[in-house]
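Below, each structure is written out as structure tokens.
First chain A sits with chain B, and in the next complex the same chain sits with chain C.
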Partner chain A sequence: MRKNKSMIFWFCLPAVLSLLIMFVYPVCRTVLMSFFQVESVTSGVGEWRFNGLANYIKIFGSQTFRISMKNMLLIWLVGGVITLALAMLMAVVITSGIRGKKFFRAAIYMPNIISAVALATMWIQYIFNYDYGLLNSVVRLLGGDKVKWLGSDMKFWAMTAAFIFGSVGYYMLIYISGIEGIPQDLYEAATIDGAGQIKKFTRITMPLLTGVIRTSITFWSINTTSFFLWTKMFSPIDTEEYTIVPVVYLYDIVFGGKGVATRDAGAGAAVGVVLTLIIIAVYLIVNRLIKKSDLEY
Partner chain B sequence: MKVKKLFSLLLVSALSLSLMTGCGNKDSGASSDAGQTGDDAGQTSDDAGQTGDDAGQDDNSVPAGTEAEQTGDNAGQAAGNQYEGVELTMWSMWTSEEAQALVIKEAAAAFEEQTGAKINIEWKGREINNILTAALEAGEKFDIFEDDYRRIAQNYNKFTYDLTDMAKAIDYDSYSYPCLNNQVIEWAGNLNSIVEQPQVGGVFYDKDAFTAAGVTEEPGTWAEFMDACQKIKDSGVGPLALDSAYSDFTFYQHLVHQLGEEKLTELAANGGWSDSNAVKAAQAVIDLVNAGYLVDGAPDEFPSSQNKVGFGQAAMVVCANYVTAEVNKATGTEVNWGLFNYPAVDEGTDNAAAYAGANSLAITSYSENAQAAFDFITLLTTGEFDQKMADTAAQIPADSRNTAPASLSGTVETLLAADKPASWCSAINADENLKTSFKSIFNELYEGKYASGEDFCKALDNLY
Partner chain C sequence: MNNINWKKELRLLPCYLIVCVWVVFTAIMIFWILAASLSTSREIFSGEVHKFATGFHWENYATAWRVQNVSLFFRNSLLYSVLSCVGVLAISAPAAYVLARWEFTGGRALRIGLVIAMSVPIIMIIMPIYSLAVRWGIKGWVLLVVLYILMRVPYTTIYLLDFFATLSRTYEEAAYIDGCSASKTFLKIMLPLVQPAIITVTIFNFMSVWNEFFMALVFTTNEDMTPVGVGLLNIINSMKYTGNYGGMFAAVIIVFLPTFLLYIFMSEKIIAGVTGGGVKG
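Now for the complex of A and B:
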């Protein structure tokens, strides 16, 4: 028995050490760094100068940071509602016994296996293209004037729409696996009792999926706070106000953008801490609002 | 039990081995592919003996000022073993198959052949700036690195070798661009980088489109520019292409001419746009937009609008010189490019200003083989290899005695004539809190969202 315990210790040691060195240490260092004036991420601690809450005051006083937070919130809220609703709708339709279930499931999930860079390029250079883009071809076919889908008024929503397209399949799969875990007996009994599709969805599917919905909201929140690549693709040369999100703001102040030589790793750390706190807050709120189902099946 | 233990041990060993293999850098230590590029290297080895007087002028031999020469060795005898046993590591900002990378590999092979040194090149790509600070602070073992010259001067200065004396020894000033060198010295306090890829900004135009429209001379003033735009428009071509990604750069040129970069920096920091000549600058652009001188769809999404020059739908684009290679490559055409400085504006403060910048090479302050590293840099940025770099990568030669490719004709002269380069929007980029707002408002100016220069400046002043 003792032998086994030491075995467990030695086998766990590499994983624990990796966790401590590669996760716990950077987290602690980042939190600490957020209270210091630090120019470079890798500056030695000896070069740090205590800054109190100045980094937090700086970022919350920054118009660019506030805009980035607003953009992130909109992606989270509007994008989240649309993505999760579409994913749920498609999951319900696909699990309802339609023909070609496997095809539709694969087709809707497809954007997730395509590189996000390729996907974003397709949206930017083809679908939204002003001269020969898919959307403007449709608009012209209907007799309308060409629209600047990537103009300053529309760029944010164009980016969000493209992101939603790339995300729906992932959440749909999560919902499908949740729905398929619900015993068919319940649906059969409901059918015998005369329940229609909508009633079955609201009285059986939704209540039994609360755990899955809660998880998907947490996943969506994490995806939104780490939103980076789509912004970089929709503003390729330098960061733009219409597409900026906090992680890109963080990136710019830590590494310096185009033509910018100043860097502020302390403020960047503060942004990181704020984002982490937001995810924790969302997780706690979602757990409080969406109670774990006490139904057993 | 024993078998189980042995099996576990084997599994752990295999896992550890695969981890180590996975973490290894396939490029590190994979020297410059000397073997693959050995053909040219073989041709150059004999030249090493000629390095004495005319080094770096028009051959690809190791330049003057080398240790061999300083120690009085016979350079001819030293050929092939001058740096025997010396190992240099270079961090490159290119990826291994890019045109620039191929020339660097070739130069490294030649250098190895001539001197006996070994050069390891690690291809870090464009994001090299994200890892350089950490690597330099950690004292990572590399001798040469490439990046934007401004970052080298301002961010990495304390980790770079002062190249002043070495540059003097080879008379670097005689063939390089004074405006870029002076700028580096102003920022860093010394010459800490050698230009590899100079850049110059301005109005790049399709000469054939100008000829077809009857525009016989490059516009020098704003009035001439507007006149040329009208003629081009009348010929059925969009005068000016503009992608939203470059809206800030384009208007920045106008503002620098109108106000000067110093005044611009002051306005960007403190506001007061409405009381300045920025109103006049904005009004000029509004007039340009209202006259329909932007190509259809502009400001468009990069690179859609600039590509219209390649498709013959637009005649001009305001950008840095790399736009010519980008457009040619993206559209599969060979535009007959020309360049003129952004036009002089009425009541302009600094009408001669032009953007210039560079990607440069630097040596780490802790390099144990700084002279060898410098000699390699010199070989790469002068003579034949620099010409090759200019031709294959379609860039301005770092050695002003070389010839710019046809698509960049006039750029060497422009750079040599420049006094002090204007920056890449540094005045409006200085404040992280405002830079994205500036960019948006500048872009909206080209979208025609402001009725007058006053409205535009009011929007800027509202940011403070």
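Now for the complex of A and C:
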């Protein structure tokens, strides 16, 4: 087939421009902006004043930002362990040869495709509701006292639980496709050798899934650093320290929120850069720690 | 294989229990919301939404749709989703085709750039985009449509690229011999051949735009351009004053339904698409 240079050029041009306008230019400008004092997002480069690492010093000196980082870390670690463990459990269960596999798989993945605003509302207005909520109905049925699930001390974990529920399905699908890639004869051989379900899981499934688990940890990290919607839903009007995460902190100082006296786009950019560096660091660490399996199949 | 192997099913009992608990919980949640959307606030608070003692209150939907402006949010979201799905294909499909077919200067760089762009956090781009939009004077729903299109270009291009790569070159060779021009070959022959991939990627783009929240919140300045997600948040925030719980749950159902119905009919395709793309160990 002849190479048609002008066709290649015109066919690629829109995609190249999209990439430049939407990704390359903004990322470069955000990185640059994080080293300058910039008050308003709309300030032109002419109004920027270089101030070195002052934005970074400012955000790490801010207690609100430190709390938001602590919350994010908790969601990443606790939420991550629970989500990935549940996803693995569901994946193993669904590939165990049960009937209605397709139905269960589709039902568990379902929360991922509906509007997260609607899903969060279901949790806040029904599951966690104090007066008529599902959890309190169960508590009362068991003879306990109603619990303020959305009170200050429980709110963070209520939010994390709802977030976990919405996330499990996606990681489950990743694990299912990993498990289905493992040849069946390995399991058959193990059965003949007398291995039980648990042994098969720890000796065959887990070792052969290291690559997939690595991918899922990276995805989870990207997912938690962009955590925003759930906080906005659980603390819709005012940002609260129980639920604040870095992106909400950024949103408040850049676009204005309650309790923010002066807007600071430079500091916002610094938050963005810090989060991006975290993602890159996690990616590198995970790749180093979890070596791709040498096992061939 | 008509006989049920009871021994095997019994051994799998714990497995059934685990998934059933999860699914039943999900079902209870959705059915309760559905029941609450047809009840009065008083019934909701007394915990009797499943009895429908005063009948089905369809007027909750009417209130949500007209008074609470869900019809407007719905129209906006539909507009954003449909326009951006079409727009992104116009940009991505040609690029995916030439990237899959020919090696050329910058082709590799473009491909890598697209893959990296897929995992760039939105917070790294939102601020410059905001100032760019203000400087160029782009606002209203046009702005969000443009942003959604640009946002979906990397994923769509990479997804279609993998499909174009699987097509045999004999189609183009035959078209060339018959004197069909290269761009016409693309439009009339190659594009219809990747139709399944286009459908899958469009479903994903549709759901992603329908459910998008962050950019919508940042760029939405008035009700005329508010999509469903931000609109629902506004309805919930004003609940304190209206006290119309039934109406709010009706709004939740209206927002929830489009992607849910899409999923009911196409769950196999959607699930295959989730892991079919770049997810590899």
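Everything that follows uses one rule, which is that the second predicted complex is superposed on the first by the 278 of 297 C-alpha atoms of A that agree within 3 Å, B and C clash if a C-alpha of one lies under 4 Å from a C-alpha of the other, contacts with A are read in each partner's own complex, and residues count from 1 in each chain.
Please note the rule applied: contacts are C-beta pairs under 8 Å (C-beta built on N, C-alpha and C of every residue); 3 or more make two chains touch, one makes a residue touch a chain.
Small disclaimer: the values here were computed from a predicted structure and weren't measured.
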Superposition on chain A - do chain B and chain C clash or fit: clash
Partner chain(s) touched by A:P236 [first = chain B, second = chain C, both, neither]: both
Touched partner set for A:F255, first chain B, second chain C, both or neither: both
Chain B versus chain C as contact partner of A:V41, first or second or both or neither: both
Chain B versus chain C as contact partner of A:D131, first or second or both or neither: both
Partner, of chain C and chain B, that touches more residues belonging to chain A: C
Chain B versus chain C as contact partner of A:R105, first or second or both or neither: second
Partner chain(s) touched by A:F60 [first = chain B, second = chain C, both, neither]: neither
Which of chain B and chain C A:S96 touches, first, second, both or neither: second
Of the stretches 78-86, 132-140 or 420-428 belonging to chain B, the one that collides with chain C: 132-140
Shared chain A contacts, counted only where both chain B and chain C touch the same residue: 41-44, 125, 131, 236-237, 255
Partner chain A, residues of chain C touching it in the complex: 8-9, 12, 15-16, 18-19, 22-23, 26, 28-30, 32-33, 36, 44-47, 49, 90-92, 94-95, 97-99, 101-102, 104, 106-107, 110, 113-114, 117, 119-132, 134-135, 147, 149-151, 153-154, 157, 169, 172-173, 176, 182-183, 186, 207, 210-211, 213-214, 217-218, 228-230, 232-233, 236-237, 245, 248-249, 252, 255-256, 259-260, 262-263, 267-268, 270-271, 274-275, 279-281
Sites on chain A touched by chain C in the complex: 1-5, 7-8, 10-12, 14-16, 18-19, 21-27, 29-30, 33, 41-44, 89-90, 93-94, 96-99, 102, 104-111, 113-119, 121-123, 125-127, 131-132, 134, 137, 170, 173-174, 176-178, 209-212, 214-215, 222, 225-226, 228-229, 232-233, 236-237, 247, 250-251, 254-255, 265, 268-269, 271-273, 275-276, 279, 292
Footprint of chain A on chain B - complex, ascending: 129-130, 133-134, 137-138, 150-151, 154-155, 244-246, 248, 296-297, 299-302, 304, 423-426, 429-430, 432-437, 439-440, 443-444, 447, 449, 463
Residues of chain A defined as touching chain B within the complex: 40-44, 61-65, 67, 124-125, 128-131, 146, 148, 150-152, 235-242, 244, 249, 252-253, 255-264
